[in-house]
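In the two assemblies presented below, chain A is common to both, partnered first by chain B and then by chain C.
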Partner chain A sequence: MDVIKEFKVIGKRLPSHDAVEKATGQTKYADDFALPGMIYGKILRAKYPHARIKRIDTSKAEKLDGVYCVLTHKDVPNNAIISRFGQTRAVGGFEGVYRVLAEGKVRYYGEPVALVAAETEEIAEKAIDLIEVEYEELEGVFDPREAMDPKAPKIEDGKSNVVARFKIRKGDVAKGFAEADVIVENEYMSQFIDHAYLEPEAGVAWVEDDGSITIRVSTQVIEHYREIAHVLGIPESRVRVITPKIGGGFGGKEDITVEYYLALLAWKTGRPVKIVQTREESLSFRSKRHPYKFKYKTGVKKDGTIVAVEAELISDAGAYMTLSPWVLLYSTVNAIGPYNVPNVKVDSYTVLTNHPPSGAYRTFGAGQACVAYEQQMDEVAKKLGMDPVEFRKKNYLKKGDTMANGWKIPNTVALHETTDLVLKYLGKKPKPSGPKKLVGMGIASGMCSYGRMIFLHDTSRSKVRLELDGSVTIECGVQDVGAGQEASLCQIVSEVLGVPLKKIRIISGDTAATPIAGTTTATRQLYMSGNATYLAAMKVRDNILTKASEIFGVDKSELIIEDEKIKTKDGKSISLRDIAVACAADGVELFCEAQFNAPFGEVPDPETGQGRVFPDFTYGTTGAIVEIDTETGEVEVKKIASAFDVGTAINPMRVEGQIEGGAAMGIGWALTEDVKFEKGIAKAQSFAEYIIATAVDVPEIKSIIVENHDGLGPFGARGVGEVVLAPVPPAVINAVADALGKRIKELPITGERILLALREKS
Partner chain B sequence: MPLFRPKEYFRVATVGEAVSLLKRFGGAAAILAGGTDLLVAKPPHVEYIVDISRLPLNYIKKGARGVRIGALATLNDIAASPELREEPYDVIARSTWDMGTPLTKNFATIGGNICNAAPSADMPPSLIALDAEARIIGPRGKRRVFLEDFFIGPKKSVLKRGELLAEIFVPRAPANTKAVFLKKGRTSEDIAQVNVAVRLTVDDGLCKAARIVLGAVAPTPIRAKAAERMLEGKGLKEISQIMVDVARKAAEETKPISDVRAPAEYRRSVAEVLTKRALLNLMERFGGA
Partner chain C sequence: MKKYPLEFKVNGKKYSVEVKPNVTLLRLLRSLGFTEVKAGCEKGDCGTCAVLLDGEPVNSCLTLALQAQGKEITTVRGLGTMEKLHPIQEAFVKYGAIQCGFCTPGMIISAKALLDKNPNPTREEIREAISGNLCRCTGYQKIVDAIEAAAKMMREAK
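Coming up: the complex of A and B.
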C-alpha cells in the first residue's frame, strides 16, 4: 500500500457519486420498475402461530377471473431446502431446513402458506381471501427458556428446539472466582427490534427469451441466485439476480425475502411478476433482531482487575433456524467484550419458538452482547466503588492480548484513546435543567468484527477497466445498501489511477453482469471488495506504467500518476487517454478482474470455542448524556459522542454518516423500539405503534474518527458499518441508570418503566 | 392489510354536492380532506371517496364574536396563523406542534383531526377548553354542537348520515383568559399517550371559569369537571396551594385503557402531572404563583 505516498482522493470529504440522484428522487428502487404485461403476486399467510394444516383448497381462488396461478408447497420443486447465506462453502451444523411455503404445519403467525399471481393487486388480494385453509391449532411456545424444556412443544416435530449451542472455555473460571475479591451476578435482556428500513421488501421477476429467470429485487445478497435455482430445480446459470440501489438493509435483506415467491410465480406463469410487501407484512412477519436473555457473573480483584467472567446467552431463533447459529456465534465470541479476561466460560444457546424467524441485524449479535457486558461493567464498577471509566481502562484489550477465543490481537486496540476523546467532548455532567429532573452520563465501549467468519472462506471479485478516452468502468457485484458501498470503490480507483470521480462509472449488483463480490453484510464490502478493487486497479496501473516506462525510457518507480496523467520527474507527461490508446494498440490489457481472499480457517473447537473466528475487529466508545423527567418518565438524550478507530477513513463524511446513523438507531433500541409479540402476534403493525427516533429526538452527535492505519482493508481501513451501533444502546442505558441511581433491566426503557423504577426506589 | 381501492372517487365543488353524496352512500362513503388518517386506516368498508379538499373551507378568520376556523384549515395553517397568536387562541396553534412531521401537517386538516374522533387527537382538548362549537351542514341544513358534545366514543361522533363538519367556531373569550396545552408521547411526533388543555378566566383575582380537558385517557376527550369546580371562585393564591389536589382529582376522573402505547396506570399518572404543570404554567402567567 506504500506505493501511493500522498493521498489525493482517499481521506477526502467528497460527496458520493449518487448523492444528487438520490436527493432528487431519481434513483429507481425495486418498486420503481415495471414491465409490459406485468402481473402481481400476493402471499397467503398463516392465521395461527402454531397449527397443523389439515386441508388447503385453492379451487375457488383459481376460478377467479384474472388469476394466473395459485401455488402451495406441492407446486414448489424443492420446497424444503437447507438455507445458506451467500456462502461459497458449506459448513456442517450451522444450516437448517427452511420451507418456501408451509408444509404440514405452520410454525409462526404470518408464515407464507400459498401464493397467488393475478392481473391486478385487487384480484390477487381477493384470490388470497378465497383460498380455504383448515387448521388444527397446536400449543405454541414463545419464550426461548421455556422452549428449551424437553416437554415444550416442538417446532420441528420430534427434534429439540435448541438448534445450536456454543461454548467458550478459557483458563479456569473456578480458580478465577476463588481469587476474586468481589463477584457480581446479573441478568439482562434485549428485545425484538425491527429494521424499519424505508423500503419494504420488493421486486420484479421475469422469464427471459431463453427460458432463464431474472429477478430484480432489493437484496443484500444477490448470490441467493444459487438457492433460488435449487428451489426451482434448474441450473444456477439460469437464474440471474439484480439488485438496484437498496432503500436500507441493516441485515433484514440478508436472508431471502420475496425472491422465491417472485421466481416461482414468474416461472409458473411466464409473465413478469411484481411483489411489494406492505409495511404491516414487513413489521409483523419479517425477520427481527434476536431477543436475548443473558446471565453474567464477573469476578474482580479490589484493584479492578477482572479475573473471571461466566456468561449464559439464550437467543430466540423464531420458527426457522436461518441465520441464528451464526448470530449466536458472534454473540458468543463477543460475550466478554473488549476486555482482557484470563478465565472465561461462556455457554450460549439459540432456541426455536413460534415467533417469525429472527435474523441478521446490524452488529449480528455482537450488539446484544454489548448491551449485556457493558451494563455488567458498570454494575461491577459500582460494587467496587470504582469509576466506571477507570475500571474499563484497567481491563481494555490491547495489542498482543488474547481474546476469549484465544486469538492474539496483532494490531492496535485504541480504546483508551477513543474513550478519552469521548469524555473530553462530553465534558462534565451538566446540572439538571429543573427541579423534577435528573441528569445521567454513561459510557460504553464495544467491538465488532468486519469481514465474515473465516471458516466461510470468503472471497470477493472486482473488475476495473480503463477506457480508451481515459475514463474508467468498475464492474463489481456489490449490493449498495445506501452506505456508499459503490462510492468507496470509486474513490479507491480514483486514487490508484488518477482519474477524477466524475469519469468513473460503477456497475454493481448483477450476478450475470458483474463479478461475484459476496454479500453486503458483516461490514465486509469495503474490506473485501475494496481490496479486490484495489488489486484490480493496481494491475491496470502497473500495465500502463510499464507502457509509459517504455515510452519515456525510465524505470516505473520513477513515474507518478496524477490528474489523469503519467508524469516523469523531469516534467514529461502523457495523458491517460494517450497511454490507453497506446496500450490498446499493442494489446496490453487495460482491464483486470481481481479476487481478494480473506484469511481462511476452520470452525473453532466446539468444546472450548478456541480458534480464530474473524479476520479483525473495529473498536470504539460511545458516551451519552440524558436528562430524565422524574414525573413523566420521559428521557431526553442531550448529547451523544462516539469515537472509533476506523483504521483509515476512505471518506470521513461517510464515516460520520455511519456514526450518526448508528447513534440514532441505538437511541431507539434503548428507549422506544419494541415489536411487542403477544402469543406470537406482533402488536406493532405500523410506525404509529413501532416508534423509532426521529430527527427531533436525536440530539447533537459528535462523531470522532481515530485513524491508526492498521486495518485489513484498503489503505489500512477497518470496517465501520456495524460497530458504530454496538456501544450506543448500553451508553444510553448506563446514562439512564446513572441518573436514576437504579438500573432498569427491561428494554426498551419506556416512561412507565422509569416511573416504576423511581417508585420502587423511594 | 388489504388494498384500499374504493369503487368511486368524487371531487366535489360545493358543500351541497358533498352533502348529497354523503347522504346517498351513507357508511360506504368516506370524506377525504387531507387524507392523513383515511389513507393510513384504509377502512375496507369504504366504497366511495368524497374529496372535499377543494371546498372553500380553508380559512381562519377573527371577528367581533370570535374565531372561525374552516374545517379544511391545515395544521400548518393553524400553526402559522396571525389570528391565533393572541391569548387564549394561541393554545390552538400550540396544539399542532407535536402532531407529526411538517409534511403530514401540510395535509392534515383540523376538521379531519376532529371528525376522526380518535380519543388521543391533539386539537379537541384546546378547542373544548375554549368552549368551541362545531358547525355542521347536513341534508336538513345547518346545526351547531358544542365540541364537548361532539364525540360519543372512539372513532364515533354525533355526525349523522349526510352531515359534514364545516367550521369550528371559537367564541370570543372573556378578558383575562389564558390557556395551555401539554402533551406526552413516546417521541416528539408520537400519538399522545396523554394530552391536556387547561384554561382559566380570572376576574378581580378570582377564577371565574376553569376548563380541564384531557385526551387519550377515556373513550373521548373529557372534561374533568370535579377538578374544574375546585378551581372556580378561588383566588390565585389559593389555586397555587390546591393545584396538586386539583391535578389528582382530574386524574381520578380519567378512564384510561392499556394499549400498545401505554399502560392505563401510566396514563393516569401522566394525566396528573400534565394537569399540575398546566396549572403551574397558568399561575406563572397570571402572576399568581
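Coming up: the complex of A and C.
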C-alpha cells in the first residue's frame, strides 16, 4: 500500500509534539486535575495474605465527620468480574477473573477489602482505620511449585491452583536427544519485579449531568470502560474513560488499577472523587512481573547444532488469574528463543499463590523466557567448548525457518547483523582495572512479538481531518505512555499529507470522543494505530489529489504533496488550504476514518501448541561488559550496546530512547530489582529498598538501529517498545557469569550473592 | 492543628498563606496550582518533586512548607515558557530526553542547579548531579546528552 517512496518526515529525528508542554510542566497527569467539590477515596487493604473474613464492621467509619461513604463487596453490583482486557473477541480460558473487593476471604496481603470516600485524604485515612475486620488466618502458599501439589492450600476454594497450562510438541525430542553428542540440563529463575513507573496509579471520576460516569485515569487500556460498566451494572454507553498523558506504564497500567474504586465511589456519592495510590501501595500491592522457575534440557551435536530442547516453565500467577495465561503463552512460544530447533517439547504452567496478582510487564513473558534460554545457550556453549557467539550464530533462526509453534518466518531475522554490530562496539574484553577486580563480557539475543495474539482478532481505528486552513486534526483512541504513541501518528500523517508537525494536533485516549484504537500494550500502537492512521490519512490524500487532478487536468500519479502544497511536475501548485476549501465546497470528504485489522487466527492446538500466535516478531542482540569488585561484590556495567532490526525507524531518536530505556531497566532486572516477598508480604516498600538504576548505575548506552524495512507496521516498521528489554538481563547475567567463571542462577545478582559465589568457588 | 502564616515567592510571585506545620512544601505547592511539582514517592527517593529553594535543589516532599518562610522557590514553570524555553528545556526537547515526562520537571531543576554552579560539567558530573532523580523511561542517555548540550548553549550565550 506504500505509495510514498522517498521520506521527508519518516526517519527524521524530530522532537515529539508534546515535548515542549512536558518540559515546561504544563502536562496535566491524572493527579494534576481537580473538580469543584471533589472528595478523596482510600482503600482498606487485607492484613493477611490468606484469611477468611469473619466480619466487617463499617459503622464507626461511617459516623466519622466528613465521610461520604464506606463500601464493601456487598455494595458492588457485580463484584466477581471477568476482564477481557480490551480484546475484541471472547476466547475461552483467557479471561481474567477478579473480585473488585474481597468477598468471603482475602487471597493476598494488601487485597482491597473496603473503600472510603471523604472530604479530605486525612479523614479518609482515619475512616479506613475505623473499619473493623475480623479475620481467620488460613495457611498460605507462596511457591508456585508447592501450590501445584493437590494437597496445597487452595486459593480459589475447591479448584486447582494451576489455572493454565500450555504445551509445545514439535518433532520428536526423544529421537533428538538420542542423536545429541552433548546434553545440558539446568534450572533458572526470575524474580518479582515492579514496573516502578514514576507516576503512581491515580485518577478522578465524576457523574455527568445525564447520570453517566466519566473516569479520567492513568491507564494503558481505556477500553476497561466495558468492565467498569459491568461492575456498576449499567450500559457500557454510560461509562466514559479518558486517559491523560501517562507517567509510565510498562504493562502495570494494563490491568485495572483504581478505575473500579473511583467509579463506585463517584456513583454512590454523586461527587467527583480522586484516588492517588501511594508509592508503598504501588510497590507492595499492585501487579508485578511473573516470577518463573525454569528447567531446561538441551541436546546438541559436537559441531554446535541444536537437535532438541525440552523445557518446563512454571509461573507464579499470584492470587487472581488476571493476565497470567496470556503471559504464559508468550513465554511458551518464546521458550526456545530465536533458534532453529527441530525437536521441541515445552510444558508450561501458571499457578495461583497468595502473592499479589502478577500481570503484564514489558515483554509479557517473552523476557522471562529470554533470561532462561540465553543463559542456557551460554551453558551449552561452555560444555561444548565453543564460543557462545559462534554457537548462537550456528543456530539463529532465519527467514523461511519454522519456529517451535510451527510458524514459518516470512521476513528478515537480522540476528547475525545485530550481533556483529554489538560485538564491534564492545570491542575486546578489557583488562581488570585493579587486582581485586574481575571483568566479564556477555551477549544475548532475543525476540518479542509486536501486535496482540492473533486469535484475539485485534483492530484499531483512527480519524484524520484536513481542516479548512490546511492544518490537520487526528482523533485516535491511543493511550500515550510516553513512548511516542501519539507522536508517531503525527509523524506518519505529516509524511502522508505534507503538513508540518506544528500544524498537526492529536486528540487521543477518550472512549467517548476518539475512535477505539485498542490497548497500549503488546507493542501494538505503532503497528495497529499507525496502520489505521496511515490508511485514514491516505483516504484524505486520495480525496485531495483527486480534486487537484481535476483542477490541473493531470493524472493523480503526476502530482506530489510536499510543503503544504500539491504540485504538478510542470511547476503548478495549490496550497493545502485552497484544496481543502475547494473540497469542502464540493462535498468531498476531508474527515476520514479507517480501521486496521491484524491478521486473524485461532487459538493454537492445545496438545501440540502448533499454530501461528503472533502477527510478527522483532529480533535483536545486547552485549555487556561488567567489572566485579571481589571485595564488595559490586557489579559495574562498564559498557552496554543493543541492536535491533526495527524494520523502519519512524523516528530514530525515539527508537534509541526505547533501546536505552530498555537497557537501564534490564540492568536493574539482572542486578538489583526485587520486590522480595516473604510469606506474601513485600519487603521492598519504597525506592530506597526497591533499587532501580540511577544515572550513575548505567554506563553510556549504545543503541544501534538496523532497518530491513519488512515489518508489518506503517512504512515497514516493526514494534520496538518491549523487545528492547528482553536480551538485556541475560546479557548482563552472562557477563557476570563470564567474570566469575561461575553462574548465579538466582536473580537479582546482588553483591551478597556474588560474594557467596566467590566464597564457594575458593 | 493550628495554622501558621507563611510568606514566600514562587517563580517571582509572592504568596501569603496559612498552613499547618505538618504540610510539606510539595503538598502546598500542588494545592496552589503548581502541579508541575510531581509526587512520585513522597519519601525523598525519586526526585520528581525537586524545586529550587533560594537556588538550592531540594526534594519538596521532604521540606516542610514553613521552611520556605521568606524564601524564593523556582519550579520548572519558572524557568521558561512554552513560547520561550530555557536552554535546558530546549535541549531536553531537541535531544529526545523526555518520554513520559513525569520525571522531567525535577530532572530539569537538578540540571539547572548543576549548571548554575558548574557551567561546564563532565558527563560524569552530570550523572552525579541527577543521580537523585529517577527516570524509568530513558536510561538517562539522552538526558545526559541534553544537559551537556544545554551547558554548551548557555556558555556560548554568555
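Here, the second predicted complex is superposed on the first by the 759 of 762 C-alpha atoms of A that agree within 3 Å, B and C clash if a C-alpha of one lies under 4 Å from a C-alpha of the other, contacts with A are read in each partner's own complex, and residues count from 1 in each chain.
Everything that follows uses one rule, which is that contacts are C-beta pairs under 8 Å (C-beta built on N, C-alpha and C of every residue); 3 or more make two chains touch, one makes a residue touch a chain.
Please read these numbers as outputs of a predicted model, since none were measured by experiment.
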Touching partner for A:Lys676 - first (chain B), second (chain C), both, neither: first
Touched partner set for A:Asn405, first chain B, second chain C, both or neither: neither
Chain B versus chain C, judged by how many residues of chain A each one touches: C
Touched partner set for A:Glu631, first chain B, second chain C, both or neither: first
First, second, both or neither for A:Thr694, with chain B first and chain C second: both
Chain B versus chain C as contact partner of A:Thr278, first or second or both or neither: both
Touching partner for A:Thr750 - first (chain B), second (chain C), both, neither: first
Partner chain(s) touched by A:Ser686 [first = chain B, second = chain C, both, neither]: both
Which of chain B and chain C A:Pro15 touches, first, second, both or neither: second
First, second, both or neither for A:Thr514, with chain B first and chain C second: neither
Contacts on chain A seen with chain B and repeated with chain C across the two complexes: 278-279, 686, 688, 692-694, 696
Touching residues on chain A, where the partner in the complex is chain B: 121-122, 125, 278-281, 631-634, 672, 676, 683-686, 688-689, 691-694, 696-697, 750-752, 755
Of all residues in chain A, those that touch chain C in their complex: 13, 15-16, 18-29, 31-32, 195-200, 245-250, 276, 278-279, 481-484, 653-654, 656-657, 659-665, 686-688, 692-696, 698, 700-701, 703
List of chain B residues in touch with chain A within their complex: 1-3, 5, 40, 101, 184, 186-191, 193, 260-263, 265-266, 269-270, 273-274, 277
Interface residues, chain C side, partner chain A - complex: 35-43, 45-46, 48, 75-77, 79-82, 85, 89-90, 92-96, 98-105, 108, 123, 126-128, 130-144
